Structure formats: C-alpha cells, structure tokens
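Only one structure is covered here, and it is reproduced in the block below.
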Amino acid sequence: MVKPENLGRIIDEHPFFQGIDATLRELLVGCAANERFDAGQFLFRQGQSAKKFFLIRAGTVAVEIDQPGRPPIIIETIAEGDIAGWAWMVEPYQSTFDARAMTLVRALSFDAQCLRRKMEADPALGFEVMRRFVPVMAHRLAAARLQMLDLYGPTKKPKPEKTAKPEKAEAKSKGRNRAADARLEKAESKKKKDG
Amino acid sequence: MAKAKRDDVAVTVLDKDGLGDFIKNLRKSGYQVFGPRRDSDAVIYDLIDGADDLPAGWGSEQKGGHYRLRRRDDGALFGYGLGPQGWKRQLYPPRQKLFAATRKEGGGFTLAPPAPPDPPMAFIGVRACELAAIARQAKVFGDRDFADPGYQRRLAEALIVAVQCGEALDTCFCASMGTGPEVKAGFDVKLTELIDESRHVFVAEAGTPRGAKLLKAAKPASPADIKAAAQVVKNAEIQQKHLDPAAARALAANPEHPRWDQVAARCLTCGNCTMVCPTCFCTTVEDVTDLKGDNAERWRKWDSCFTTDFSYIHGGAVRTEARSRYRQWITHKLSTWVDQFDETGCVGCGRCITWCPVGIDITEEAAAITGQGRN
Amino acid sequence: MNVLPHDPMVPVPFRIEKVRRDLSDTFTMEMVPEAGGDFAFRPGQFNMLYVFGVGEVPISISGDPADRSVLVHTTRAVGTVTEALDALKPGDVLGVRGPFGTAWPVEAAFGHDLVFVAGGVGLAPLRPAIYQAMAHRERFGRVIVLYGARTPEDILYKKELERWRGRFDLDVLVTVDRATGKWGGNVGVVTNLVARGGFDPLNTASFVCGPEVMMRYAAAALEKKGVARDNIWVSVERNMKCGCGLCGHCQWGPHFTCKDGPVFRFDGIADLFQIREL
Amino acid sequence: MADIRTIKVEALARVEGEGSLHVKIRDGVIKELHFGIFEPPRFFEAFLRGRDFREVPDITARICGICPIAYLMGASQAMEDILGIQVTKPIRDLRRLVYCGEWIESHALHVYMLHAPDFLGLADALELAKVDRTLVEKALRLKKIGNEILETIGGRAIHPVGLRVGGFYKAPSKRHLRALEENLKWAVETSVATVKLVGGFDFPDIQQDYNFMALHHADEYAIHEGRLITSSGLDFPVAQFLDHVEEEHVPWSNALHGKPKDGLAHHVGPLARYNLNYAQLGNTAKEAAKDAGLSPVVRNPFQSIVVRAVELVQVCEDALKIVQNYTEPDAPYVDAPVKAGEGHGCTEAPRGICYHRYRIHADGSVQDARIVPPTAQNQKVMELDLRKVVQANLDKSDDEIKWRAEQAIRNYDPCISCATHFLKLEMDRG
Amino acid sequence: MSERKRPKLAVWKFSSCDGCQLTLLDCEDELLALTEEVRISYFLEATRKVEKGPYDVSLVEGSITTPHDIKAIREVRKQSKLLITIGACATAGGIQALRNFKNVKDFIRTVYAHPEYIDTLTTSTAISDHVPVDFELRGCPVNKYQMLEVLNAALNGRKPNIPRHSQCIECKESGTVCRMVAAGTACLGPVTQAGCGTLCPGKDRGCYGCFGPMETPNTAALAGQLLALGQTGRDVHRLFRTYNANADAFRKESDSHG
C-alpha cells in the first residue's frame, strides 16, 4: 500500500480532483488506495456489489457486457484520467458492467462505504464529490448516446428511390392491405372448398 | 435658364410611329426584340414584331394572389404595370444546355460546348426595379471568383430600353428598396410615356453611346418635355407597401420566430415566388442520355429552394418542413444576400406577392418577424 | 467588358490510372488529366466528378498537395453517382471540375500543436492536410490524429494509419464504436479521444472532419478542453450542383458552402450548427 | 373414345384490355365457345352519380385510353342535349378534326401494329420491322400524325384536356393547325398506299350476314353526329338507342352483350360504317377501295383491315380539309345555364358506335348514367364469327386454330377496357 | 445486328384503361430504337410473343381490384428485378378507387343480372399497397417523355429526372401565366406533382391533379384559397376526388370537405 501522503499527491495531480479543498482532500485520502491490475484482470464485475470506484492513472480499461457463447461486447474503453464505476453512488450499489483491464492498469481506488459514510456526515464533501461525478456521468451518457447514433454514416447505401417507397409499401401493407389480402385468400380458399 | 446639353445625354421625343421605327431598326440591326405583349390573361414579356404588339390600353390590377388585366382609357403602351416574369427568362433561361458528351471509340468521351449563342437581344420596357434585378443577378453570376460566361455575354450584348413607371401597383415597394421608381442607371435608352389630351409621346434619353446612336435621328426634347417626364415618375412614388431593408437584415437572427409556423401553414411550397422573383438565381442540373447511352447531355434548370430535393444530401433533405423552406427563401432574399453580395436580394417588384397563389406578402412577413410594428 | 472566363460548368476529362478498394463501399482512385498537365489544389478542396451520362458529385481531394502529377479521390458509394464511380476501372475517363472551395489553413497553424479529428470517411479530406503538415513537421509542436470509425472494418487508410502511428513525430489515436474481431484498441466515440489527447489547448489548431453531428460534438469537446473557437476548423457538407457559387443549393445561413467553405473556421459558423433545418 | 379438344386463349394479345377465348370441341363439333372479357369491372356509371355534369367528359374518357375522344365527345354532346346547346361551326369543325386525329391514331395502330402481323404470320410489328423497317416507320409516322392532331387541340393524345361541354377550353390558333398541313398531305398519300398494301393480303373466305348499325349523316361520312341506321332498315335518332338495343349478361364475360331488340345480332364498326355510308365516302377513299378490289358491300370480317385503311384515307383527307379551311372561333365553347333533364350522345369510336345517356339534376349533378360502348355490342357477332372460323379450321392444329381465332377477334379491334365499365355488379361475398 | 444481351422488359396490366401502356406505343419516334436496347418479353397489347421471366424491368399498369390481381402482382414482383408502376391507377388506385369511398353494395342494388359471375374487391388500390415498388411514375396517363426517361435511366444506371415538386414550377419554367392568379380559375397545380407538360393551364383551364399530390402538398391552404375564390365545399371535395382520389393527401383533403 502506498502511503497516504503519496496518495494525496496523486489526488492533487489527477484532473478529476483538480482544485479540491485541502480538508476535503484529506477526507478522501482516508478512503483511497493505490491499485494495480494486470491485463485481463477485472476491476469490478457486473452484478457484484459496487464497493469501489477507480481513478485510472495509466492503462486502458474495457467496460463490457458478457454474453453467453460469444465474446463480450465492449461498450467503451476508458483510459488515463477517466473514472471507472459510478454504481457505488446509486442504490442498490450494484455494478452494471464488467470493467476489465486491457493493459496493465494503475488506478486509485476509493472505498465506497467509507466514502458514502463520510459524505453523509459531511455534506460539503458529499456535494463536492457529487459535483465532480455528475458531469462525468453526463458526459459518459452523452458519449454513449453518440456512439449509438452510428455517427459515421451507414455502410450500406440508403437507396433513396428504392427503399423509401418499399418501406412505405411494406408498412402500409402490414397495416392494411397485407392483412386484407390474407383475409381474402382465406375467403377464397374457403370458397373453393365450398364450391 | 436653359443650358446647352452635352451630346451624349441627348434627350429626344418619339411619337408612337417613332417608337415603331425605333423597334423596327432594332430588328433590322439583328436584335431579337422582346417587349410586353398581351397574352390571353396577362401582359407578358415576349418576342414582339413591332409597336403594334405592345399592349395599348391595357393595365393590370395586382394584389396578393391576384392579377387581372384592366382596360385603361388612355391607350398607354406601358401602362400594364409589371409582367408575371422578369427578364431573367431571357438573360438566364429556364433550361440551358451546359455541354454535350459523346463516347469515344476505345473508351473515354469528348465534350462539346453548347450550341452557338443566339443573336443579341433587345428588351423594351424594363422598369427601374427590373434594372436593379438585372444588376443583382449580374453580380451573382460574375462578381466573385467564378462567372457564368453565358449570362455575362447575354447581358453584355443586350440592349436595354427602360421605361419609367407612371404609377405604382398595389404590390410595389421599390421606393422602400431604393431601386425605383425612377430609372437612374443601367439602360441604353430610357423612355417616359407622356399622354395628355393633345399628344401621346415618349421622352427618350440615351444612357450609353449605343443608345445615343439609336436616337440620333429623333427630335430633341424641349425643357417642358423633360420636366413633364420627370413629373411622371413622381406619381409612382406613392406606394402602399413598405419594407425596411435595414430592419429586414434581422431575419437571419430570428430562426425560431413563431411567425415561421404561421406562414408555413399558409405556404404551399409551390415555389411560385422563387420562379417569378427576378433575382432568384438557383438552378439544378439534369443529366440525360440517349437510350444507347453513347450520348449524354447536361442541362441547367431553374430550381427553387421550396423543393425538398433542393437541400438533399445523401440520406435525406435538410429542409423538410415548409417553415424552414420559407425561412430560407425570405432570409436569403432580405438578410443573408447582404452578407453575400453587399446588397439586398429584393428589388421591391412585388411579384412574389401577386403570384403567390395564396397571397403571402413578403413585406408583411418581414415586418412581423423583425418586429417592425407594421403587420 | 473584360475577357469572359472559361465556363466553370464544363468538366475536364481525366483518365483513371489506379483504383484501390479501401473498404467494402469505399475506394480511392488516382487519375491524370487526359490531355496531360498538372493538377494543383490546396488541402480540403473538392472537385465535382462527372460520370458520363450519370451525373456529378462533389468529392474532396484526398491526395498529397505536393504531388501535382496525380489527382486522388476517396469516395464512398452511397448514391447513384458514387456507385457509378465505383464501377469505373483503370483506363476509364471521368469529368473533373475544380478545385473548388476553401482549404485547411495548414500554414496558418505553424507554431501550434495540430490536432486532426476525423470520423468515418471524413479522414479523406483531412489527409492532404496531414501530408502537408508532415512535410513541414518541424514547424509544429505536437501533431495528433484522432480518428473514429464505426467498427475496425470501417477504418479508412488502415495501413497508412499504422505507418503514421509508427512515427515518433505523429500521434495517432483510433477508436471504434463497436469492437469486432480481435480489436484491442479504444472503444467509444472519437470525442472521447479529444479529452485524452496530450496537446496544449491554448496553442492548438484543430481540423475536424466527419459527419455534422460528430463535428458538432468534436468541436464542443475541443472547446471544453480549452481550444478556442477561432482555432478550430470544420468541413461542412451541403447539396452542391455547381461547386462555384452559381447554383445556390449549398447555402447555409449567409454562406455558400462551396466557396465560403467547405472548410469554415468554427467561430464563424458555430451558431449555424445550432439552427435546425438551416 | 370421343375426340375432345379444348382450345384456350388465356389472354388475348394485341387487343386493348384483357379478354380470353374458350372453345370446346367434341367429335368435330363445337360444343362451347365463349369469348370472355375478364377486364375487371370499374363501376363508372355508379360513381358518376353525384358528380358535376361538367366533370363527366373527363371522367368517362378514363374508360378507354385508346378512344378517349369517343367518351369526351359523346358525354359532352349528351350534356349539350340537356342544356340545349348548339355548337358553332368552327367548334364543330374542331370536333371533327380532333376525332379524325383519334381515328388516324387508332386505325394506324390497329392496321399496322395489331392486325397486319396476323396476315403476315408474324408475332408483332417489331418482327415486321425486322422484315420491313421503313414500312413500320411509316406506320408510326402515320400514327404520330393522328396523335399530333390530338395534342394540338387537346393537349395530349391520351385523355386530352382541351375538350369540354360546349366545345373546347381554348381553341388552337390558325398557325398551330397550319403546322399540321404538310404532314396530313403525306398522311393522305400514305393511307392510300396502305389500302393497297393491306388489300393484297390473303383473306379467309368467310361471308357473314350481319345486321350492321352505324351513325349516318347525309353530308359527310358520319363520325361525331348523325342518326342511327341499320341494314335491317331501322332509322332512328340517337335518343332512341335504348329502345332498340338491350343488354344481356352472360356468365363467361365481365361485359354485357349488347343486342338489338329486333333479334338480329348487330355489328358495329368499320364494316358497318362502310356498308351503310359508302355513299358519303370521298372520291379518294372510294377509289382506293376500288383499287384494292373492295365492292361497296363487304361482308368478310377479315377484310375489315382494308376497310379500316379506307377509312384512314377518308379521315386524313377530312382532317386536311378542316386544317386548310379553319377559322378561329370567337369563343372556344358555348355555354348555357344548367337545368335538369335527360340527354343522349352517340359517336363513332374507331371500333364502332359509343352511346351515352345521362340524367342530371337541376344543380348539375348526375342522377343517372348509361354508356354502351362498341365492343360490348360486337361480342355477339364476334362469337358467331368465331364459330364459323373454328368450324372451318377444325382440321388444323390447335395452334393454328388459336391463331385464326385470335385473328378473327382482332378483326373487331376490340376495346375491352371499354367493354366492361358499365357493369354494376356485385362483388362476391364482400 | 448482333444479338447482345438486352434487358428484358415486361408490361403488365391490371384494372385500367390501357392508356399508360398505349403511351409506350405512342413513343412513335423512339419505339424502334427502344426495342434495340430492350427485349420486349411480355407486352400483350403489342405482341402475342410471350417469354418467361425473370424480367429486368416490369412496367405495371392498373390497380388491384380482384383477388386474382393480388396473386398476379405478387408473381410479377417475384419475376421482376425492377418494378415500375405507370400511371394513376397503379400508383394511387385510379378513378375506379372512387368505389373505396362508397359501399360497393349500394352500387349493386341496381338492377343487374348475375352478380355471381363477377369477382371483385370492395377497393381499388395502388400496386405499392400490395408489393414493394421500385419507382412510381405518375399521371393519368403517364407522360411519354417521363416514361422514356425512366426506362432510359434504368438502362443507363442513373437517377431518373422526374421532379416531385409542384406543377407551378413547371408552369413558370414554360412561361405559362398562372390561371389561378390571373383568372381566378380553380387549380390543383400548387399541390400537384409536375410532369404533364403544363397541359391544362396551357389550355386555359385549371390543373385537375392527374399527376397526384406533389412531395409536400399543403392541400388545406390551397382548399382555403379555392373557397375564397368562390368554390363551394362540394366543388373542393370533387376537385380532390378524381384520378388520384385515393392518394393520401387528396383523400384526406376531400374527406374534410364532405
């Protein structure tokens, strides 16, 4: 374990805590620890109780979802300067993703229980941590949405004449005439049988 | 005290026959002469054979979405107001061939320039606002890095006979836009029609040496004639409609004004306003081929920012809604045109008001959006 | 009257020398004027490419501006004309009009860190600027290429990016939206890379090219990082029929995208980005 | 074992619309023969109710893309009959001219592109073009001249927009009509040559004893107005059409069979017109007919192609005369106040008489509509012809019989789309 | 002439007047040239020669009005690489779609003999209501130049130059004076797709909408203006309810002036 004074320096240098008040910093240091993960090791796992969050100091972490029978889906990669894990702040304090070290990762971890207790006791600290966390979460959410947009354009051409109309036709057919057509066919086959 | 006039600003007087001879001379000199002519329901600008084709005694009543020919009792040749379309029809035709391409044996293709140009044109009856419109388009087609040589050539060759307005239509607002009613520049010959109990003549003033040459044989005007001609245009200064061009610049700064939705509810996005606007210059291109695909041509066609195709980029149109298309049109016309060409794109002819099937009025919309109090 | 200029609406025939497939739907063509001669352009400019009988499209030039002997275009086949371009082979002829438009101000960025932010095929219009910057490498601080693609299979100029990445004087960071196969690199949008890039925001010029939404967010990320608006440039796409300010289609607020752009300084157009259906 | 042959033509080619033929032969005897029209009903008469009378000409034009003038004009005349409108001479001339255009277009199409290939053993005119391209080019030019007349007066060839109750929306200028003159001169010559050409074809020797019915006009070869006459001796105004003709519904066809009440199946179209109005043909047409070996009475249905060509000569010449003598009307149409009433209109479509009857309310809305197109009237005689043709060719192969039978149907230039419109029939089991 | 591979063209007919396929035969100047570029494989109106599918291009005329039609159009779709509908019937149901607004049984209560012989649907619908369509060519009938343009574009792999904007733009390009403004004539031009060649306004009458609704038709605003010009609600209703009555925009507008 690294000594608290060293942790304090690391906290000071990390952009996430830039400009933090010295007293509050000391409170934080009390909950912090320095950690290291080899490539392949998990920082936390989906479904587990979120006991910590991490300030990534070096290396790359994959935030991913496991799927049976296929390789896990990487949702995003986070790296130096980023925060990993915010589930510790939101009830029921359960991790929603896996966080896997893609390379050697050095990170500062914060004990969630310790921090939550201190935050409740000291609203100034609570506010300060929240103030720094909310933008991170907001940014992460925005980035995730962007990622879903298929921003760089479709690979398949959007045939304007060809697809526009058939889509409409399909939709329409499903709604109205396809169903009507099916009914008719039924009626017809019945008629044949009857006749 | 009468002073001797300089030769190159000869002011003369033509009677109706004189005007007829004038047109005849133009035709003789090889010009295709375009002028006002009565079609069934309107006075249009078309090829004319002589002064007899001019719409003698026809006037027009124009307001939002409304145009009617009216008989005048003074027999005026130029009393029809404004035609449905300006001179861009002639100077920048609705369809122009850009080139023809032919496949070569063994690959590749050759490009042939379009057909040789038509003979030069002469325009009879160009109003002050129309002169301004021609100047605006000339700037678009030649002022900056790339010029349109076809437009430049047609305009350079065109002989322009302007006519001063003796009265304003209900849709006119050239006075607001500073383009009229007085004809000041950009003409070869300027005509002012004078009609009273005793005579029906045209005071003709040359604006260029070419114009002066055409008037050489004509009778000089008397100071009284000149005074009377100057008086004619005064009547046209009384105009119903106003538009504050300086205030209208603020349109671009109001992209979210609720009025856009109101006008969109009325707007048909039919594109009539852009088609009749004498400064609207947008075009699209069409590629055509013969069936075998060995010969191809590319044509330039008038286009309108009211079509969805106009703003199409792969995936879809940028301006899908009527509000954004109307906004594009009026904002460009009155506001961003100034950023682009240091002057407004509107000359106050009022055609967009008359020929809008539902009578949307550019002056009202501009005033409402820029909060100029008038509504 | 002055001498009438050459009609900018008439194309010049170019012969295709080489075609390379970059991605399943993207390809790079090298062409030379059929009648011989050079082709000069500035990075960021575009040409109107005409396929016989089919039509014309604006395509950015993606080659090295220092090499005037060959004209290079990278195109994605997304519509009728670009698909027809895709069908052309070496030896075929197409029509070229241009170059048109404004350029990436590479020289004006001398003395700064230079950050390229590209998304998808948006890397193509930036490539000439990257070439030019590398030709004057000593005039810049750090030079960084941040590139985002949809999947690892959609990464344009993959080999070239590898080559660049191997250089000590050029940082290349690539990210994908979705990791596939053996991808071991970054996952996430390209804007995330901006936050990580080690450049001096107060002394950085940034050239951004990609889909409009991506550019909006990339510019925001750059601003957040501390890069001033007047040090950010973006390349905007609008419908173009003439390429030279005559047809009116590409108007965007007060601008003709074809001649006032496609490269705009961000401070001049940031507000326009916010207006819907402009 | 009985020798049973079934000959089916599922879908007739080179006719307009969709029709079929079904023949059952047992031991060398025709047991069943149905010429069926399976063009689905379109309910024109039903949805015309409630429409404004001014709309009727344009709407009924949509019954048929090949002879829209027959509907535009028949409907207009019926409305004029109600309103008491008499059109002026220039309008009447324009009407005849535009109708000539339709005849030229339709006859040229039928003679060269639909019917002639049968006589030459070819599948279509495109095969003919391979044999004689110039001939097909001439045919197309002739057809185009007809269309040009339609376009000049009506705006377009199919469903022209220029015609209305009382006349025209806008009369063409003298200059515009004059532009047709040179082409029409060529058309007269070419149609004379056409008579000669088709007169030389081989015709199966079949003589039928038809009861012809056609419009008749004392001063001209009747096209757009006249009285109705029959070879059985009837002579009555068009208003009495329904007193003489009734309709019958047969199970194998979507079209009603029109049939005279006097019991004699009647035949309408070129043969009927030629036989009943020979005296009104112009000299050029008469001579062309004579040169082609046609007597003033023609009863061989296969020779209808020659008669059609003779009519081409007639209408090309008529059109030329009108174009040369045209004066622009003072007003393009004649108007009159609306009133309630019943009116009739009947004209000679290229394939025979097309009858209209309407009743309108005082506000101008249609109360009731009745239209009897030519092909419906001919169905009966077509079946009679077919029986004869099939019987005469029983020794031939099925394919040969099929071809002969198709040809016999094409003798009538059947316009099947027209034939079905007037059915007001129940859809089955909704 | 060498028999190089020409694309196979088929022309199909459903419920219609035949006018649109006749338009193909009306291409007098281009017909022979066209047949050098395409192989006419199925076109009953012109030839008894029938070739089996699949076809490269199918032109489909007419609307779907019988149960048999539904089966047939699916088969046509299956056999066709490119399916192009031609005309108002095929793209909007045509004039016979007027039945869609009525109870067809009302039509039938009238005298007629043997309804059991007939098989028909209660509606007349567009081809695209039943199968995917690659391109819809408008008009009642189609314009022959547009038809050639679409075939030409298909042959040459380019986008057809078929505008979707208003008829007004075409009127202005041709220099035709606006009937509505200059004579107060009721006109559907502002909401109708261009392409006919400015026929009705060129003949001094208002456009009656045979090319169907344009891309973004503001029918309500036009209807308001028509009323202001003195048309009655019934007039407006009827004006929108003709050859493209079943096209969405026109149907809705006519419904609101019942």
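Per-chain residue numbering starts at 1, and chain names A, B, C, D and E are given in the order in which the chains are listed.
By definition in this document, a residue touches a chain if its C-beta (ideal position, glycine included) is under 8 Å from a C-beta of that chain, and two chains touch if they have at least 3 such contacts.
Here the structure is a predicted model, which is why all the values come from computation and not from measurement.
The minimum number of touch steps linking chain C to chain D comes to 2. Distances from each chain's CA mean to the overall CA mean are smallest for chain E.
Contact counts per chain pair peak at D-E. If you average the Cα atoms of chain B and of chain E, the two centres end up 37 Å apart. With centres set at the average Cα position, the gap from chain A to chain D is 76 Å.
In terms of their C-alpha centroids, the spacing between chain A and chain E amounts to 52 Å. Touching two or more other chains at once are residues 121, 156, 158-159, 204 of chain E. Shown for chain D are the residues in touch with two or more other chains, namely 170, 428. Listed for chain C are residues 53-55, 78-79, 83, each touching two or more other chains. Considering their complex, residues 23-25, 76-79, 83, 119-122, 148-150, 154, 175, 177-179, 183-189, 191-192, 195-196, 210-211, 213-214, 217 of chain C touch chain A.
Listed in rising order, the residues of chain C touching chain E in the complex are 53-55, 80-81, 83-84, 87. Across the complex, chain E meets chain D through its residues 13-23, 25-26, 28-29, 31-32, 35, 40, 44-50, 65-66, 69, 94-96, 98-99, 102, 104-108, 110-122, 124, 140-141, 143, 196-197, 199-200, 202-205, 208, 210, 235, 238, 242-243. Against chain E, in their complex, chain D makes its touches with residues 11-18, 39-44, 46-47, 51-52, 55, 58-59, 62-66, 68, 109, 113-114, 123-127, 129, 133, 136-137, 140-141, 143-144, 147, 154-159, 161-162, 164, 168-170, 248-254, 332, 406, 417, 423-428, 430. By the touch criterion given at the top, residues 156-159 of chain E touch chain C in their complex.
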